[in-house]
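Pasting the structures in now, so scroll down.
Across the two complexes that follow, chain A remains constant while its partner is chain B and subsequently chain C.
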Partner chain A sequence: MDALLQLLVNGVALGSVYSLVALGFIIVYSATSVVNFAAGQFVMLSAFFGVMTILNLKLAPALAYPLAIAGMAVFGVIFYVAIHLPLQKRPVVSVIIGTVAAGIVMQNAALLIWGPLPSRIPSLFGDANVSIGSSVVTVHALATIGITLVLIVLLYLLLYRTSAGRAMRAIAQDVEAARMMGLPVTLWLGFAWILAAVFSAFAGLLVAPMWFADVNMGDPIALKAFAATVIGGFGSVPGAIAGGLLVGLVEILGASYISSTYKDLLSFGFMILFLLVRPQGIFGERISERG
Partner chain B sequence: MKNLTLNLRAGLTKAAIGSLLVTACAAVSAQQTITVGATVPITGPLSLTGTQYFNSLKLAEEDINKAGGIKGAKIAIVIEDAQASNSTMINAFIKVVQERKPPFVFLTSYSTQNIAVAPEVMKAAIPVMYAGGANAVADLNNKWMFRIRPQDSTAATAMARYVKDKLKASKPGIIYIQNDFGQGGANAAAKLLEEQGAKPVGSESYGQNDKDMSAQLLNLKNKGADVIIAFVYPLDAALLLRQMKTLGLKQPMMISSGGLVPATIQLLSPSDLENVWGVTDAFLAGTPKGKDFLERYKAKFGSDVDPYGAAYYDGARLMAQAMSAVGTEPNALQAYLSKVKDFQGVAHVYSFDDKRNGVHDVAVVKFRPGTKDMEFIETITVK
Partner chain C sequence: MKVPPTKTNWILIAAIVAAAAIAPFFATEYVTRLLVVATIAAVAVVGLNIAFGYAGLISLGHAAFVGVGAYGVAILTVRHGVGPWLAALIAIAIAAAVAYAIGRVVLRLSGHYLALATLGLNVSFTIVASNWVAFTGGNDGIAHIPALPLFSVQLATERSSYWFSLAVLVALSFIAQRIRRSHAGRSFIAVRDDEIAAAMTGIAVTKAKTAAFTLGAIYAAIAGCLFAFHVRFVSPEDFAYHNSITYLAMLIVGGEGSLAGAILGALTVTMLPEVLRGVGNAYLLIFGVLVLFVLVLLPKGLVGLLGGLKRKQADVSVPVAKAIESRP
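Now for the complex of A and B:
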């Protein structure tokens, strides 16, 4: 039972990271219909922004973390202006390919700048553990879950309690209608990219103390987050959260109780099952039902 | 008109002499440079160790040329990026062989890639040196392939022996990276331990890109493992050691050489290395040659070298010795290398057996409590 508790906490912590990245996918997809295949590299870059501010510049955490997040927000703008805007009149597949290419450039640029050696960012919570019975759970894992919850609540408030959120939802529903209603669509699309980048920043800064900042860390995270998005339902915020948590739990519990060798098979097999049985995901709506 | 003819003749003569001179210079220049190929993971997830032997090969090139080269001819090591997959490795090898026609090539330190490229090596019919550890590579019986570090069964045997005899394990657990190296090492260790009456209680694996091994570690703990033997690569080794501590696991861990390289150690705290033993290819700080190499590498590249890097340096020096003795004809080089005994390198003494494995011993190390300093425990030789 104690081992189960440890596994559940680790699974939810892992799932929280996938949820954050999946939310980045959803925010961009909902606003622009673009699947951002550079999402994993956004997480990687965020981790290295943390390396710069925390390890290289040795700034106090109160400054280092906000600076790293702000840096990613700026990067989101740059990405929007340099990749999305020039391609937005092209077929959507061109934009998607653009994100793939941008991801490769980001990864190799990171390798040139920071080199192949991984870096370890110390956790804000140190190596503190919490003992529950004979199981041990890290404070960092609990904090990851807590911070993800707070971000989800803030996102909900933004989308459903503010005029900014109303504008974003209007654009997600019908961009042309939103434009005709006088909404500054270009600005709001840019804001969507900034928001996705900020969510990636949190994912990167939370995951780096657990997994180290490494130029190759982005792709495996993005793949699992993509699976989470498919399971939860493309375009659905609750879906991204549920999908992320499910993937994290399937991965950890599957490795423990079924097979550690085939745990990736379990996670992606689960995704394929959803594609076959319920392709719109848990919370997604069928395309024919979108108005 | 006569003057014009004379001038034209003089001009053509000068041009002919000039061309001959240029051609002769080019020929002399070509003879003075021997191109050697190397396929190294410079980008991708394997670049962590790839950078080590990229640097070592460049250092070896410099040292060989400073010492006069190969009978006056300089060597130039041309490096192609092998990246992380078998297909990119094969492409890199084919490219370097077809474009540069080298008499010798260095392959990567990854068994999966070594096995994948073996048919192309056979086609190219030139000697190669590799540092992948899986026994399966030597079992291909490819006469052109020479291994310059201990094979995995040597390391696995040493790990199993030490765990049973010195750490007194009766219920060992095994965790390994899911590939030829990890699976080979795990199987060899499990077999030996079972023969010695200490059958492993569990064997868990993880993928190369996995970051969370808590499920696997907890499984071994719950099965009652009293020592954990790990077959790892550098980054996952660091993750594993950290997660052992954060999960509160107190079992001693015996870790393979990938977990002892500087790239791993720099990610860990002294507390992460408590109760950790390891089997490393070579304890470089333990010999004068090894120490000198450590210092020179650090002075040139600003980072610490690991035994993989040292092995490639030794391989390059051995290759140069072979070429100085018999020239660059591939069959002559192959025959020379097959008979090498007691070549003293910075990392090992090399003697190739009938399967062209050059190293037959490993060093057991432990970390001084409260520090990240490795201390030498003993050498284990496996014939």
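Now for the complex of A and C:
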């Protein structure tokens, strides 16, 4: 029972990270219909921005973390201008290959800059543990869950309580109509990329102390985030959260109770099951309209 | 979309095949080996062109079918002592059956849903191939696959492998072209362009999609068999999902929907590391940038560079494509 509580906390913490990545993915998808296959590399790059500000430049945490996140926001703009805008009017497959190619560029640029050796970013919350009953969980895991909750609340406030959110939802619903209403669509699409990059930044900075900051970390995370998105429902905010948590829990619980070698197969099994039985996911859009 | 094969085109094709056939006489052993790799990739990409280029099915699981072909040959020949030709036939049949079964369920999806589903299947294939040690040899793979015997000659040298795979590529390209012009091929294209309109004209949409997907998988499995007999060793890494992405990138870079584009793309992407050898570690970085440039600047792929001039007069496909994209 104690072990179970510990596993549940770890599963939810890892799931929170997947949720953040999935949120970044669907923010872009809803606003721009771009399926960002470089989403995992965004997380990888964030972790290395963290390596740069925290380990290399040895800045104080109060400066290092905001700087890494701001760096990702800038990167979001660069990605929007360099990748999204030129491929905007192209068929789905060109966008898929385009973002994959951009991901390859990001991964190998990181390899050239930071080298192949993984680095360990210390947690902002140290290596402290908390005992709940007789089970021990890390403060970092709890903080990850807490920060993710705060970000989700902020995202909801942004989307549903501000005029910025209203504009973004209008664009997600119908770009042409939004343009006709006089919304500066090009600017808002850029803002969606910034938002997505910032969510990835939090994901990267939170996952790096759990694993290592490694140039190859992007793909495994992206695959899990895709699975989370499919399970939750493409383009759905609550779906990304639920899907991420489910995939995180399946991974941690599956590894400990079923098989650690086949833990990934469980997540993808779930994803494929959902695609076949309920392709719109838990909260998803009606796929006949977009599919 | 394609110029019909007039007499001059046949001469051109014959000249290209002849040039390809004598290429090893001017190439080093190493370059010949690369040509074999490119030819085998081309077989897979010509297959992907049937599934994606003709029928519009975005598959990111193509490498898994190459893997089924290669592992089929490896397991049957090494573990069970089956003759190479029979092993290849069985492996291809298994891949076709698997593709048909998967197609029946997965092809209800389209666009990026299909892309993610097939990606998930490819990842699952790799996980099974690297962990089911008793059956697949795990990450160590399976070695000592025999060479393919052809009329009492073992196709063990690079040159003989090359000529054999080239012959297979030419034959399969010819078949692909026949499919393209057949009733089935036209129904694939109709389904890609507009599913509802295709269904209206009496095309069995699901059947057409499954057929195109299975045909693509058969081509992939044949490429897998060629791979197994050429490299004589299989391991999961060669059939991971990033290989699927590479196949799709080859097709897009070369020019989707076109046979010449599929082959040109496979050749270019395989040879690129050699051309870029001077840049060392930055190779993949430059590869990514080049792919992006082709995507942005050449929407029809490299093949658009070759045939762009003479096809300008009556290209109906462009306004049609525009009309499709601007639909609500």
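In this section, the second predicted complex is superposed on the first by the 286 of 291 C-alpha atoms of A that agree within 3 Å, B and C clash if a C-alpha of one lies under 4 Å from a C-alpha of the other, contacts with A are read in each partner's own complex, and residues count from 1 in each chain.
Please note the rule applied: a contact is a pair of C-beta atoms (placed from the backbone, for glycine too) under 8 Å apart; a residue touches a chain by one contact, two chains touch by 3 or more.
Everything numeric in this text was worked out from a predicted model, so none of it was measured.
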| item | value |
| --- | --- |
| Partner chain(s) touched by A:Val230 [first = chain B, second = chain C, both, neither] | second |
| Which superposed partner A:Leu14 touches (first chain B, second chain C, both, neither) | first |
| Touching partner for A:Val93 - first (chain B), second (chain C), both, neither | second |
| Touching partner for A:Leu276 - first (chain B), second (chain C), both, neither | second |
| Partner chain(s) touched by A:Asp264 [first = chain B, second = chain C, both, neither] | both |
| Which of chain B and chain C A:Ile83 touches, first, second, both or neither | second |
| Touching partner for A:Met181 - first (chain B), second (chain C), both, neither | neither |
| Touched partner set for A:Asn108, first chain B, second chain C, both or neither | both |
| Chain B/chain C common contact set on chain A | 108, 111, 219, 261, 264 |
| List of chain A residues in touch with chain C within their complex | 35, 83, 86-87, 89-94, 96-98, 100-105, 107-109, 111-112, 219, 223, 226-227, 230, 234, 261-262, 264-265, 268-269, 271-272, 275-276, 279, 287, 290-291 |
| Contact set on chain B toward chain A in their complex | 43-45, 47-48, 50-51, 178, 204-207, 209-212, 214-216, 218-219, 221-222, 235, 238-239, 245-248, 263, 266-269, 271, 303 |
| Residues of chain C that touch chain A when the two form their complex | 52, 58, 60, 105-106, 108-113, 115-117, 119-121, 123-124, 127-128, 131, 242, 245, 248-249, 252, 256, 281-285, 287-289, 291-292, 295-296, 299, 325 |
| Contact footprint of chain B on chain A as seen in their complex | 3, 6-7, 10, 14, 108, 111, 115-120, 127, 129, 131, 136, 138, 207, 210-212, 214, 216-217, 219-220, 251-253, 255-256, 260-261, 263-264 |
